[in-house]
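Each of the two complexes below includes chain A, the first together with chain B, the second together with chain C.
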Partner chain A sequence: MNKYLSGIHISVQQQFANRGLFVGRIFLYLSVVYLFYQVFHAVSATPERIWYLAITEWLILSTAPLAFQICDDIKSGQIAYFMLRPLGYLSYRFCDGLGSILVRFVVLEACCLGLGYGLTGMIPGSLLTWLLGSLVGFLAVILYTVLGMLIGLLSFWIREIQTVVYLNLTATFCFGGLIVPLEFYSETLRFFCFSTPYPWILWWPAQLLTGAKINFFATFLGWGTWMVILCLIIHFLYQKCLQAFVAEGG
Partner chain B sequence: MQHLRFLGLALLTNIKISVSLKISFFLTIFIVMLKQIFFLISWGFFFDRYKVVQGWDFKSMVFMYGSVCFAMGVVEGFFYGFRDLTRMIETGQLDSFLLQPKNVILNIAISKGDISNLGEILTGLVLIAYSGFLVKAFWAVLIILVLGSVFMFSLVLYLACIAFFIRDAGDFIRELRLNSIIMATQPASAFKGALKMLSFTLLPVAFLSYFPVEHLRTGLWQYLLLTIAGTVAFFILACALFYKGVKRYESGNMMAVRN
Partner chain C sequence: MHVIEVENLKKNFLTPIPAKGSIQQRLKNYLFPRYQTIPAVNDISFSVSAGERVAFIGPNGAGKSTTLKILTGIMQPSSGQIRVLGKTPGADRNVLAYQIGAVFGQRSQLWYHLPVQETLCLLAAIYDIPQAEYKRRLQELASKFEITALLNKPVRQLSLGERMRCEIVASFLHKPRVLFLDEPTIGLDITAKAIIRDLIRVQSEEEGTTVLLTSHDTDDIEIVCDRVIIIDRGTLLLDDTLQNLKTNYIRKKVLTVALEAESIDWVFKETTVIERSPHHIKIEIDVTKLGVDRVVAKLLENYVVKDLSIEGPPLETIIQSLYKR
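Let's turn to the complex of A and B:
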C-alpha cells in the first residue's frame, strides 16, 4: 500500500515542480470562465448559469491526462519495465493521476469560488452543499480519469489516440452539459445523454452545487454503476493487452 | 518556383504516409467530424434558448466555427511540423533545419503532416455551407478561408516562438494554444474590455473569427479589409519573431535522429 501512497506523494510534488503547466492551467481556467462569463453576461443569463459553467470547467481541468501517459507507456514499451516491478501498472498509474488530481482539484476549486463570487457577487448553496458537492465533484473527476485510462489502453490497438481523446472531450462537453445544463436539451437527446457516463462527470456535481433539486442516491447509484462498468472493461482490456504483449515478447 | 516544387513534394510524401493505413485514416476523419458536431450541438441548444449574442445568431456561430475548423485542418494537415517546434527549440534540435539551404519556416512546417485532419477541413466546409454565407458571399468566404489558414499558420508559429525567449515553456505554450482556439470559437461579439483588447492585440484571434463574421453579417467592407491587414501583419510579425528567436537560439549537443 505504501508504494501506491508514494506514487501519490511523488505526483503531488511533481505538480508543484512543474510550475509552467500548473500556472498555465490556472490561467486557462480563469480565462475560459471569464470568456464564457462575457458570453453569458451578453445574453443576461442568471448567476446560477455562470456558476454552473465555473464548476464544470473546474472539474474538466482537474482531470489528469492519463490517456496520453498510458499511450506513451505502451508505445515506448515502458510498460514492460512496470511489469517487472512488484506493483500493478494500472493501480500505479491511477495513483499517479490521483496525486495530480488532488492538487488541481483543490487549487481550481479555490479559483472557482473566488472567480465565481467576483463575477456574480454570490455563492450558491450552503457550506454543507459545498462540502457534499466537492466530494461529488471529486468522484466525478475520478470517473472521468478512469474513462481516460480506458482510452489510453486503446492505444494498444489504435495507432493514434489523440483523436479519440478529443472525441471524448467533446462528448463530455455535449453529453455532460458543459456550456448549458442538460435541462436545456430536447427530451430525446437528454435521454441519450443519460445513457452515457458523461452526465455523472459534469451535470451531477454542477447541478448539486448550483442548488438544483436532484435525487442524490439515484444519481450516486448511476455514478457507481458506470464506475463498475468502466473498471470491468479496463480489467478485460488490460488482460487482453498483457496476453498479446507476452505472446509477442514485448 | 523551387519552394513550390519542394512544398509539393513534401505534401505528397505526407499524404502517402497518412493514407498508408486506410482504416485508421478514414476512421480518424469520421471521428474528427463527429467531435465537431458534438460541440455544435451544445451551442445549438444555447442559441435555442438565448437566440442572439450581441447580433450573432446560430448561423454566424456556425460560420465562425466552420472557418476555424477549416483553418485548423489546413495547418494541422499540411503544416503539422510546427507542433514539434517548441520541443525542438528546447532540446536544441533545430540545427538540422537551420543547416539546410531551404526556407527554414517552410521546411519546419511541412516536415510533418497529418492528412487525417481532412476531417476538420470537410467539417469546416460543411458548416460554412450550412451557415448560408457561401451562397450569399462566395468570393468573400473564399478570401476569408485563405486568410484564416494564413492566420492559423502564423498563430501556431507565433506561440511556438515563445520557447526562444522563455525556458521550459512547452506546457505553457500548449495551454496558450488551447486558450487561443477556445477564444476563437466563442461568439466574439460578446467580448468586452480587457478580453476584447487581448483578442485584438496579444492573441489577435479577432482577425480569425470576429472581423470575418462581422463582414459577412453586416456587409461592411472595412471588416474584410481589417481581416486582410491584420492577418498579413500578424504573419509578418510571427516570421520576424521566429528569425529574432533564431538569433538567440543555442544548439545542443544531444544526439538525435530526425523522424
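Let's turn to the complex of A and C:
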C-alpha cells in the first residue's frame, strides 16, 4: 500500500513542480468559463446555467490524461520499466492519476467557486451540498479517468489513440451534458445518454451542486455499476495485452 | 550456481505479409492482412553463474533486446525454458522484480520535473526498503557515484552523464542480484562513458551482482565484462570468455619495427607490408598461416632492431568479423 501512496505523493509534487502547466490550467479554466459566460449572457442565461457550466468545466479539466500517458508508455517502451517493478502497472498509473486529480480538483474547485460567485453573485446550495457535491464530483472525475485508462490500453492494438480520445471527448460533451443539461434533450436521446457512462461524469455532480432534485442512491448505483464494468473490461484487456506484449523501441 | 538458465529459447513474432499484385489483391490484403512468423530468437541456450558479468551482443535486430525482455519477464517466450534466480520470469515477475534491476540507456526511470531524491524515495517505497536502510544505502551509493550534489536537482537540469549515474544508482538501490543493462552508455561522451563503466564494474564486484549487458560499444564490453555471448539473427554465434575471444579469433596482427638499417628485403609471403619509411616498417601478419614468433626471430637474426611492437586488432574488428561469418 505504501508504494501506491508514494505514487500519489510524487504525482502531487510533480503537479506543483510543473509550474507552467499548473498556472496554464487555471488560466484555461477561467478563460473558457468566462468565454461561455459571455455567450450565455447574450441569451440571458440564468445563474444556475452559469454555475452548471462552471461546474462541468471544473470536472472536465480536473481529469488526469491517463489515456495519453498509457499510450506513450506503450509506444516508447517505457512500460518496460514499470513491468520490471514489484507493482501493478495499471494500479500505479491510477495512483499517479489520482495525485494529479487531487491537485487539479481542489485548485479548480476554488476557481469555480470564486468565478461562479463573481459572475452570478450567489453560490447555489448549502455547505453540505458542496461537501457532498465535491465528493460526487471527485468520483465522477475518477470514472472519467478510468475510461481514459481503457482508451490508453487500446494503443496496444491501434497504436494511435487520438481519434478515440477525440470521440470520447465529443461523446462526453454530447451525452454528458457539458454545455446543455440533459433535461433539454428529447426522451429518446436522454434514454440513450443514460445508457452510457457520460451522465455520471458531468450531469450527476453538476445537477447535485446546482440544487436540482435527483435520486442520490440510484445515481450512485449507476456510477458504481459503470466503475465495475470499466474495471472488468480494463482487467480483461490488460491480461490480453500482457500475453501478446511486445515492448516497442528495441 | 547458475542464476540465469536459458534452454532452447524461441520467440516468434507475427508480421504482416506485404501486399503484391493488383489493386484488388492489395485492397484485400489491407482489409484482411495475412501474417508470417518471423523468429526473433531461435533456439538459444546459455547459463550465467552468480557474479558473472556477461556481454550479450549482436548487430541490430539480432534478438538481444528481445532475449533481455524475456529474461526480465516483460515478454513471454514462444517456447523454451528460462529460469532466473530459480524462478520463471513471466510467471513470477512480481516476486523476481525484488531481486533484479535494469537500466535502459534510451529511457529514463527518473521523474523529469522532480529532484532525483524524490524518485529514489519512491523506488525505496516500491521495493519495500525500510527508511533507515534506504537512507544508509542512498548515502553509500551517492558518495560512490558522486551524485550527492545532484540529489536535490530536478532531473531536467542534469546532463546526460549525470542523469545516467543517477539511473544506475536507482537500479542498484534495492541491491539486485541480477542487473540487466541495455546500452547504458549510449549517447554519453568519452569521460562519462569511462566513469559509468568503472562504476558498474566496481559496484558489481563489491556486491557480487550478476550483470548481463548489451551494448554496441566494445569498450563497455572490455571494461565491464569477462564473458561474451554473441547472437545474430536469433541464433547463438559464440559463448566464450573475453580472453578466449581475443586469443582464438584474432586472424591478423600488426608488427611495427624500428631498424638500424635504412630498409629491409622482406621475404615472408604470408605477410603484407602496410607502411614503409627509412628505418621503419609496419607489417601485417596472417597468424593462421605464420606465427609472429617466426617473423620476430627472422628479423632479429638478420637485422639490428631498435624497437618493436606487436598489436592485435581492436575487439570491434574481431566482433565484426564474427558477424560477417
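The rule we apply is simple: the second predicted complex is superposed on the first by the 245 of 250 C-alpha atoms of A that agree within 3 Å, B and C clash if a C-alpha of one lies under 4 Å from a C-alpha of the other, contacts with A are read in each partner's own complex, and residues count from 1 in each chain.
The rule is short, and it goes like this: contacts are C-beta pairs under 8 Å (C-beta built on N, C-alpha and C of every residue); 3 or more make two chains touch, one makes a residue touch a chain.
Owing to the predicted nature of the structure, the values given are computational and were not obtained by experimental measurement.
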Open item on the list: Under the stated touch criterion, which partner chain does A:Leu87 make contact with: chain B (first), chain C (second), both, or neither?
Closed with: second
TODO: Between chain B and chain C, pick out the one touching the greater number of residues of chain A.
DONE: B
TODO: Based on the superposed arrangement, let me know which partner A:Ala212 touches: chain B (first), chain C (second), both, or neither?
DONE: neither
- [ ] With the two complexes superposed on chain A, say which partner A:Ile233 touches: chain B (first), chain C (second), both, or neither.
- [x] neither
TODO: Quick one: classify A:Ile123 as touching chain B (first), chain C (second), both or neither.
DONE: neither
Task: Partner chain(s) touched by A:Gly77 [first = chain B, second = chain C, both, neither] - done: second
- [ ] Answer with first, second, both or neither: which of chain B and chain C does A:Val12 touch in the superposed model?
- [x] neither
Open item on the list: With both complexes superposed on chain A, which partner does A:Asn2 reach: first (chain B), second (chain C), both or neither?
Closed with: second
Open item on the list: Show me the chain A residues, by the header's touch rule, that chain B contacts in one structure and chain C contacts in the other.
Closed with: 18
Open item on the list: For the complex, give me every residue of chain A touching chain B.
Closed with: 18, 20-21, 23-25, 27-28, 31-32, 34-36, 38-39, 41-43, 45, 158-160, 163-164, 166-167, 169-171, 173-175, 177-180, 184-186, 189
Open item on the list: Taking the touch rule as given, give the residues of chain B at its contact with chain A in the complex, in rising order.
Closed with: 21, 24, 28, 31-32, 34-36, 38-39, 41-43, 45-46, 48-50, 52-54, 116, 168-172, 174-176, 178-179, 182-183, 186-187, 189-192, 195
Open item on the list: For the complex, give me every residue of chain A touching chain C.
Closed with: 2-3, 5-7, 9-10, 13-14, 17-18, 76-78, 80-81, 83-87, 242-243, 245-247, 249-250
Open item on the list: Taking the touch rule as given, give the residues of chain C at its contact with chain A in the complex, in rising order.
Closed with: 13, 60, 65, 69, 72-76, 93-95, 97-98, 100-102, 104, 106-107, 109, 111, 113-114, 118-119, 121-122, 125-128, 154
